[in-house]
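There are two complexes below, and they share subunit A, which is joined by subunit B in the first and by subunit C in the second.
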Partner chain A sequence: MDAILQIVITGLTLGSMYALGSVGLALTYGTMGMFNMAHGVFMTFGAYASYTAATLWGVPLPFAILLGVMAGGFIGASMHLFIVRFMLHREDFQTTIMVATAGVAILFQDLILKQFGAYPFKQPAQIEGLYRIGNTVVTYQSLAIMATAAVLISAMAWLLTKTRFGLAIRATAMNQDAAKLMGVKTELTYLQVMIIAGTLAAAAGILISSLASLSPAMGTNPLIRAFVICVVAGLGSVTGAGLAAIALGVMEAAIGYYFGVRYGFPVMLGLVILVLIFKPAGLFGKQGVVRA
Partner chain B sequence: MSRLTDLQKNLLILVAVLSAIAMLPLFVTQRYFLGEIVLFMIWASVAVQWNVLLGHAGVFSLGQMLFFAIGAYAVGMMGVFLDMSPWMSMPIGAVIAAVAALVIGLACLRLETAYVALLTFAIVFMVSSLISTDAECFLTEGGLCTPLFGGGNGFSGFDDLGFRKMLKGKWILGNYFVVLAVLAVSLCASILVIHGRLGLAFRSLGDSRIYAAARGINRTQFHIIAFVITAFFTGLTGAVYAAHFRFAGPSLFEFSNLVFILAMIVVGGLKTTWGPVLGAALMMVVVEIAKGWGDVQNTLIGIILILFVLLLPKGIAGTGANLLRKVTSKS
Partner chain C sequence: MTALLSVTGLSSGYRQQRVLHEIDLEVPQGSVSAIIGPNGHGKSTLLKAISGLLPSWSGETVFDGEAMPNGAPERARRGLVLVPQGDQLFMGMTVEENLMMGAFARKDSGAIKASLEEVYTLFPRLLERRTQRAESLSGGERRMVGIGRGMMANGKLMMIDEPSLGLAPLIIEQIYEALNVLATGSRSIMVVEENPSRVANVASTFHLMDGGRFTWSGDADALAGSGDILKTYLGG
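Take a look at the complex of A and B:
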């Protein structure tokens, strides 16, 4: 029983971080049909930005975290303005944008490496202390992570479903041309989506680095998790990505507990491929197999 | 020239290019530069195969380095565990890579482009992390522990192609021509695929997927065929890489390698026949020059890749061909 409780708590902590990392990716794919290979670097960027603000500039922690999150939004916006904007109307946008964002990823990863070195700095956003339920330990840190992720994801869900702004995004995702005809400024919508995705990625990066540590390549691992999560959920399904993230987090924790941590991801990936053989559009997707 | 078919024309160019590379050792005698040319031929071969898959067949695979690594690891593992000469293990490595591609292809290639890209990327990541976190000793020799797949260090110091004994100081020339032979086979195969019946099927699928399907072209089947063929030659190239450097390790899986080769394809020209070779040569020269500026290789590759995708999406060969067509149609 204790083991199960521990697995659930570890899994939920993992899952909420994964969710935060994946929904932004799912949102960009859903609205723009763009797969962002630099999404992991957005996470790294946000984590390093808040570290720099708090440790090197001496900004109070809450503001430093806020700055880190905003830095993510900023890098998302700049990528859109300098690169994505010019490529949107290309015929093979879906593949070329992956190539371009892979370039962005390697560029920023290398710049961060040059600036900070490979030393694993500690993210200052730490909350000491723990809480016990029977024999199960719950650190305040993981509670804080779950709470932050829940708040941010709910905020995004509220934005998407309850505001005019979200309506514009959803309309663009459904049908770009129709949305344009109805007076939606799709160019602006895309920019907003990139900012949201960058912000969420940066937040995920800060949370992840508070558990592990900072490193220039820290974005790779969560990025691949996010890939797998988005794929199994069905590309572009934002709610699906959130749910799949929690499920896969718990599953990874369970597999890690019973078989060893190194098998957590491989087993997960194997299961995902198995799911895709029977449900090629993912669990929440609409279409996936190209019948031709 | 106009009487020759595309296929014949490209095969002629192939002969010219290969003989030019074969002549190079007459002018270049420093071992360092010969080594760099060997590396160029290896990356060119990988880039050419990947371009067939990515540009012509339209399979967005990010798993090419996996097949490269399978070839390399086959040579490394058979060299270390079985004392097998690379001459024997190289073809075996290529076949294993092709079989792996068949399995992955059957599981993944039915899906849409983006799914294929993400899944192949995730599979490579999984394999590389499984290999580098493996600490269980498979073979313990003189207190030296070697995990089954080499762990974080990989394999090194196994038997080479045998030229060190045969040619003594000029051993690199032996390796040079073996690598050239692999490049020749790989290029020849790519030309046959691009300008042959397979290429025709790919073009028809690219032009109109539905019409091609209506004429009885099975997209998934053709994608799997392309996937397996390119994996075979990528694996062979990886095997010759391991035989030349006497090394196979998890560093092959690094993201920077993938992006480096992607940059070669994009710079040279995606969907062209000769672009990737040109791109590989250019990128090797750029990286060589940049060595004088310090450790800026990855930054530079990132910038070049972004600039080309934005400004010259057809690459140098593609843009050049377009210009040529414009000039000739005017006159």
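Take a look at the complex of A and C:
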């Protein structure tokens, strides 16, 4: 019983970080048909930005975290304005944008390596202390991670489903031309989507680095996980990505407990192969059926 | 009377392929014009170019006394409404959400409600289906949503691209009954249709398009007396 509770808590912590890392990726894919290979670097960027602000500039921690998150939004906006915007309406966008964003990812990873070196710094956003339920340990850090992810994801869900702004995003995602005909300024919508995705990625990066540590390559594994999650959920399904992230987080915690941590990631990758064989559109995705 | 829409020397096309060759067109206020002609000769391309979905290569589009900027969203916000071919609905949204998207650029919430009532009066079927997702609708119902969504914009000119495309004869009749109702109001409408007999009773001005140019224009009487021309182009 204790073991199960511990697995659930660890799993939910992992899952909420994964969810935060994945929903932005799902949103960009769903809206623009763009698989953003630089999404992992957005996480790294956010984590280093808040580290720099807190540790090197001495900014109070809450503001440093806020700065880190905003840095993510900024880099998302920049990538859209300087790169994506010019490629968006070209042929083969889905393929070329993967190459372009992969290039951006490599560039930024190396710039961070040059500026900070490979030393694994400690993310200052730490909350000490823990809470016991029987024999089960819940660190305040885990609680903070879960709460942060829940707040940010709920905020995004509210934005997407309840506001006019979200209506424009959903309409653009479903049918770009029709959205334009309704007066939706789709170019602006794309920019906003990139800002949201960058912001969420940076927040995920800060949370991930608070458990592990900062390193220039820290975004790589979360990106692959986010990709797996999006594929399992069905590329472009934002709600699906959130649910799949939680499920995979709990699964990874269970595998880690019963078989060893090193099996968690390979099993996840095996799962994506199975899903692609038996349910190619993903668990929440729809097969593209076109009716005239 | 000044024209509501006035197009001069408009050329456009896809990539390197020019489809429209210096089109001139005037649409008067409060009338129904029809663009007829065989498939693949630029009728839909013309509507796309006027709506701003396709960039104009040359020429000018003046609408309601104002030169139109590039880009579909800007033109739509100025009241130039296109009901596109194949409906282009928001498949994951409900019927009512689709209709409300038509009013996206409007701020007058009271009048939007009135427009919605108007759509439901014209298409009672949509009221029954209002909470259903667009993807679950039949072809005829989708067309109704497409036209209703165009009505919701409350624009100054409504361009409708092939309202009969891909529908069963009985449904086509229903759709044209609805268009007749719309046409009797003070609305300005431009409709594209391959088969002139369908629009003969609805429209007052006709333009025959062939090879990206207008080869004939005239009113309803001229259309009735132009059997030879129509036969040549449409194989009547």
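Here, the second predicted complex is superposed on the first by the 287 of 292 C-alpha atoms of A that agree within 3 Å, B and C clash if a C-alpha of one lies under 4 Å from a C-alpha of the other, contacts with A are read in each partner's own complex, and residues count from 1 in each chain.
The rule is simple: a residue touches a chain if its C-beta (ideal position, glycine included) is under 8 Å from a C-beta of that chain, and two chains touch if they have at least 3 such contacts.
Since this is a predicted model, take the numbers as computed values, not measurements.
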Subunit B versus subunit C as contact partner of A:D177, first or second or both or neither: second
Subunit B versus subunit C as contact partner of A:W158, first or second or both or neither: neither
Which superposed partner A:M87 touches (first subunit B, second subunit C, both, neither): first
Which of subunit B and subunit C A:P266 touches, first, second, both or neither: first
When both partners are placed on the shared chain, which of subunit B and subunit C touches more of subunit A: B
Touching partner for A:W57 - first (subunit B), second (subunit C), both, neither: neither
Which superposed partner A:L111 touches (first subunit B, second subunit C, both, neither): first
Touched partner set for A:C230, first subunit B, second subunit C, both or neither: first
Which superposed partner A:Y258 touches (first subunit B, second subunit C, both, neither): neither
Residues on subunit A lying within both footprints (that of subunit B and that of subunit C): 291-292
Touch list for subunit A against partner subunit B, complex: 29, 35, 83, 86-87, 90, 94-96, 98-100, 102-111, 114, 220, 224, 227-228, 230-231, 235, 262, 265-266, 269, 272-273, 276-277, 280, 287-292
Interface residues, subunit A side, partner subunit C - complex: 164, 167-168, 170-171, 174-175, 177-186, 291-292
Interface residues, subunit C side, partner subunit A - complex: 51-53, 71-73, 76-77, 81-82, 84, 86, 88-93, 101-102, 104-105, 135, 139, 149, 153, 166
Complex interface listing, subunit B residues touching subunit A: 54, 60, 107-108, 110-115, 117-119, 121-123, 125-126, 129-130, 133-134, 205, 209-210, 212-213, 219-220, 255-256, 258-259, 262-263, 266, 295, 298-299, 301-306, 309-310, 313
